[in-house]
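My questions will all concern the structure given below.
First chain written, first letter: the chains are A, B and C, and each begins at residue 1.
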Amino acid sequence: MLLFIATPIVSVTVQSMFTPHEAVFLTVETCTPFKCTEETTIDQEATAALRAEQPLGRFVGLDIYLDRGHLAISEVGEAWASSQNWTEFLASLSNLPFYRAMSFTLVFIFTVTPMVIVLGLLIALAVNSIYARLRGVVIFFSLLPFVITPLIGALVLYWMIDSRGILGNLLQWMAGDPSLSLKASTGLMWVSLIVYGIWHAAPFAFVIFYAGLQTLPQDQMEAAQIDGASRLQRVRYVILPHLMPLVMFVTLIQLMDNFRVFEPIIGFNAEAHATSLSWAIFNDLGGETRQFSSAAATSVITIIGVAILLTPVLIRTWRDFRRKV
Amino acid sequence: MFVRKLVLAGVMTVLAGTSAMACGINARVSVVGNEFPAIQSVGAGAQECSGAEVTTNLTADHQKINVPGMQGNPAEYTSAIIANSSIVALMNEDVIRPLDDLVAKHGKDLKKNQLVTIDGKVMAVAFMANAQHLVYRADVLKQIGVEPPKTYEDMLAAAKMIRDKGIMANPVGGAYKAGWNLAQEFNNMFLGMGGSHFKSGSAQPNVNNEAGVKALTMMKSLSEYMNPDFLTHDSNATNAEFRAGNVAIMNMWGSRAATLVTADGVPQEVVDGFAIDGPMTAGGGAIPASTLWWDGWTVAKNISDAEAESTFIAMTHAIRPAILADSDVATQAVWLIDGYKPTPAAVGVFAAAEANTIPYPMLPYMGLLHTALGNELADFMQGKESAEQALADVEAAYVAAAKEKGFL
Amino acid sequence: MASRAQSLPKGLRIALTSFIVIWLIMAAFPFIWTLWGSFKVELDFFSIADWTNAITGARTEETHGSPFTGAGYHGAWVEEGFLRNVINTFIVCFFVVLTSLTIGTLGGYALSRSGYRYTFWLLIAALIFRAMPPITLVAGYMLPFFQWNVWGILPTTIIVLVAINQPFTLWMLHSFFQNIPKELDESAKVDGCTQFQAFRHVIIPVMWPGVITTGLFSFLLAYNDFAVTAMLLAEENRTMVPQVAAFLGSTYTEGNVMFAVASVVSATVPLFILVMVFQRQIVSGLTAGAVKG
């Protein structure tokens, strides 16, 4: 088990610090079905000799992390020096792939995560208070967006929000603007992705919270009722504290999953408007010439990013853990 | 030239008659490639061989698996089916072998122009050609009284007339999906405007110049007449627009022409009005704003000579002239095979070849520039930045990637 | 709880009910819509000409003489042999669930009874494993798998999916076993049972809710995976999700989009059944403490 995960993590870290050798070029005659031309190709013998000498490639340290495709240190420095004000600086920052990806990812995380928790909690409270006989049906339908394959779920919604799709038309009608298209505007595309994110993850939060509500200590509820606590106060002072560990759990999972947001971007064909680090890795590996070192560096950055995001939650868990021991 | 050679070859084949060949091999053959119908036919052809096992893995993800699948020793795949864009990855990693001796021994049915030679060595055998060219609705153009456009400027004028007359709101189609497709449309337009992707003889990018700006400006003007969602439309979505009767003129792949209007439920006027022509020029240039493509197969380096020979025999068998006897197979592609008679759907690709369209550049670093173009041009198409800024971003992104790969 | 439901004031009850109804429409409508659309032709489903076509099926009627057609299903199941992908998916899911649960139950039980408090470190391991984007893991696996000649086959994919999922399974089951009082197995041991017998006779009968919940999560992971299965399986071993992606086509080739829609609906059916059968267990499993950390 460790072998399968630890080895790739180590190899990815190593790979992010090595790049292929300098290519030795040759100009040769190349003939295709159409014509013959002088073209550049790689001198395989010279390259093979270089490879035999240093099989891992050139050691470049953190160069890849700092280049334009990642943290872009020198570009950020230039932008800082040449910008008159913050708006200008942020605009040139958002022109760099890493910061463009981060801006969407952070907005996505910090809207989807709280919304999922709030919506999940509301559904759980609502379902918990309806007639027991209806609950089965409601839970069944509520769980569907969560169990559905993410790629398929994203595709289904993407088909519906097309400007000729049913939701697209509905929105055009509601906005009174027949040329409105969700896919053509960056802002609306972000909204669609966020709505998809909430739609997909809210049932997960719901089912966890609903399970938590089943173990709600009845004596406390009754005591609160006798003390004259209103419905809202009971939610605030009895139910929420009881569910707090579960809220932490859902937050943990959500932060992590949303940081790696990927399937909706592919499913919604949203590359022009929104990217993420996982998408950048996919893109590096998907071209005609694959950029392994670049993908590896982005992966390491992803892991570090998740670690940073989770630190507050982990510190809290660690304290709880110490207290229990 | 190209057409005449093909026709001549066709006549010769008819005279020679088709000899039914048996295909016997004695070592394993394993093929990886893309999954479109013409390649499915080639894969099935290779599997007719007997004497040893022939397996195929035809998938859209073939580019992600062919290099690792041929790097091992012995290699998992003995042959990879590739195009002029993707052979470069195999060449860069040195995983395919020269085929001269095998061509001399078993390649009597192959024509000279099927052999892709690099530095005098045969590295691949091409079997089909492709290019993007004009697809239009003859009935709509007749209604506005214009000839099929020969230049992109004519296309814009026709689009304006169609919109002004209220026939269609967004009459132009284009596979402008951010990423690979958008970059490919830029390549077409850029070459048509007289651009050249790299500074001569080096890996230095050369797109941030007048030709680049003109290409982007033309693309932007065209996009005004496209569906507002154009940045999410790949060639499949663009074809769907055409089939629904929303698009009257577009630049589309020749390989799609044969089946464009055969789907279920296409309105009759679209089926009747469907027509194709050669690629258009742009900016007063003489060379069409398009690229020529070929698909072919290679043989792995890290396999035994017996396996290489069996692979060569099986793959040659798969593209023997006799496969064209099946009329379905004959319409699947513009075949480069001896005896191919062009179908009406092949007119556009032939016109492209005759007009000296530039082949897609077969350079070790072209893939990186293509990726950079695909990622950085979307901002310009959305009007978020100037053409110069977008092209400067492309060059910067490319330079970072090329440095990483050791090309600069 | 029923008593509480009846005691709700009328206004609140109406608000709650309408909230639930709106949520249910949001949750279920996309599925109903896709099911309806899967019996149309492509031009109707995407309603490129006019959005009402998706409801009335105008083009479908023109082509097939009725507003509904099974052409997509016929194409996917008969022409393209979607059954093979279904079987592959179930083989992968079965073995992933079986392996994860076997290791997870034995390991989780052992850890929970070993005296040390592993919870935190297990959680950290599970988190690191989950944080890793699967796509990079897969890119790293490709070359060695080809060299060992194990690429493209189902067992390799099963092992990789188990590896990705195992720490999480272990953590969930471990937390679950911690909530089963130790006095249970201790009293069994007093009665002369060995540790294993205690597990066999005392723990197994009470562990099912937790195991089922954990098993469901493993199942969903294996069933829904795209990154691993798309890259590690050869064409003939493809599971459903990569096959759906293949139906959608690529730049070079016309996809058969209605085959994709029909297979999307087909791939969703088992999930419906699963949720229908196990929803009670999901809730009771979670209630029993699997997520209490």
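The rule we apply is simple: contacts are C-beta pairs under 8 Å (C-beta built on N, C-alpha and C of every residue); 3 or more make two chains touch, one makes a residue touch a chain.
Everything quoted here is computed from the prediction, not taken from an experiment.
Seen from the C-alpha centroid of subunit A, the farthest chain centroid is that of B.
Chain pairs B-C and A-C differ in how many C-beta pairs they share in contact, with the greater number at A-C. Chain A has the Cα centre that lies closest to the mean of all protein Cα atoms in view.
For this pair, subunit A with subunit B, the centres built from the Cα atoms lie 34 Å apart. Rounded to whole angstrom units, the spacing between the C-alpha centres of subunit B and subunit C is 38. Inter-chain spacing, taken between the CA centroids of subunit A and subunit C, is 19 Å. The residues of subunit B that reach two or more other chains are 64, 234, listed in rising order. Within subunit A, the positions touching two or more other chains are listed as 162, 285.
Counting partners per residue, subunit C has 46, 48-49, 245 as the residues that reach two or more other chains. Across the complex, subunit B is touched by residues 41-44, 46, 48-49, 59-60, 62-64, 69, 71, 142-143, 146-147, 149, 151-152, 230-231, 234-236, 245-246, 248-255, 257-258 of subunit C.
On the subunit C side of its complex with subunit A, the touching residues are 1-2, 4-5, 8, 12-13, 16-17, 19-20, 23-24, 26-28, 30-31, 33-34, 37, 45-51, 54, 103, 117, 119-120, 123-124, 127-133, 135-137, 139-141, 159-160, 163-164, 166-167, 220, 223-224, 226, 241, 244-245, 264, 267-268, 271-272, 274-276, 279-280, 282-287, 291-293. Across the interface of their complex, subunit C is touched by residues 34-37, 56-61, 64-65, 68-69, 71-73, 75-76, 175, 180-181, 234-236, 239-241, 243-246, 253, 255-256, 259, 263-267 of subunit B. Those residues of subunit A that touch subunit B in the shared complex are 19-23, 25-35, 37, 39-42, 44, 47-48, 58, 64, 67-69, 75, 95, 97, 162-163, 179, 181, 183-184, 186, 268-273, 283, 285-291, 293-294. Partner subunit C is touched in their complex by these residues of subunit A: 1, 4-5, 7-9, 11-12, 15, 122-123, 126-132, 136, 138-145, 147-153, 155-157, 159-160, 162, 164-166, 168-169, 199, 203, 207-208, 210-212, 214-215, 231, 245-246, 248-249, 252, 256, 259-260, 262-263, 277-278, 281-282, 285, 292, 295-296, 299, 302-303, 306-307, 310, 314, 317-318, 320-321, 324-325.
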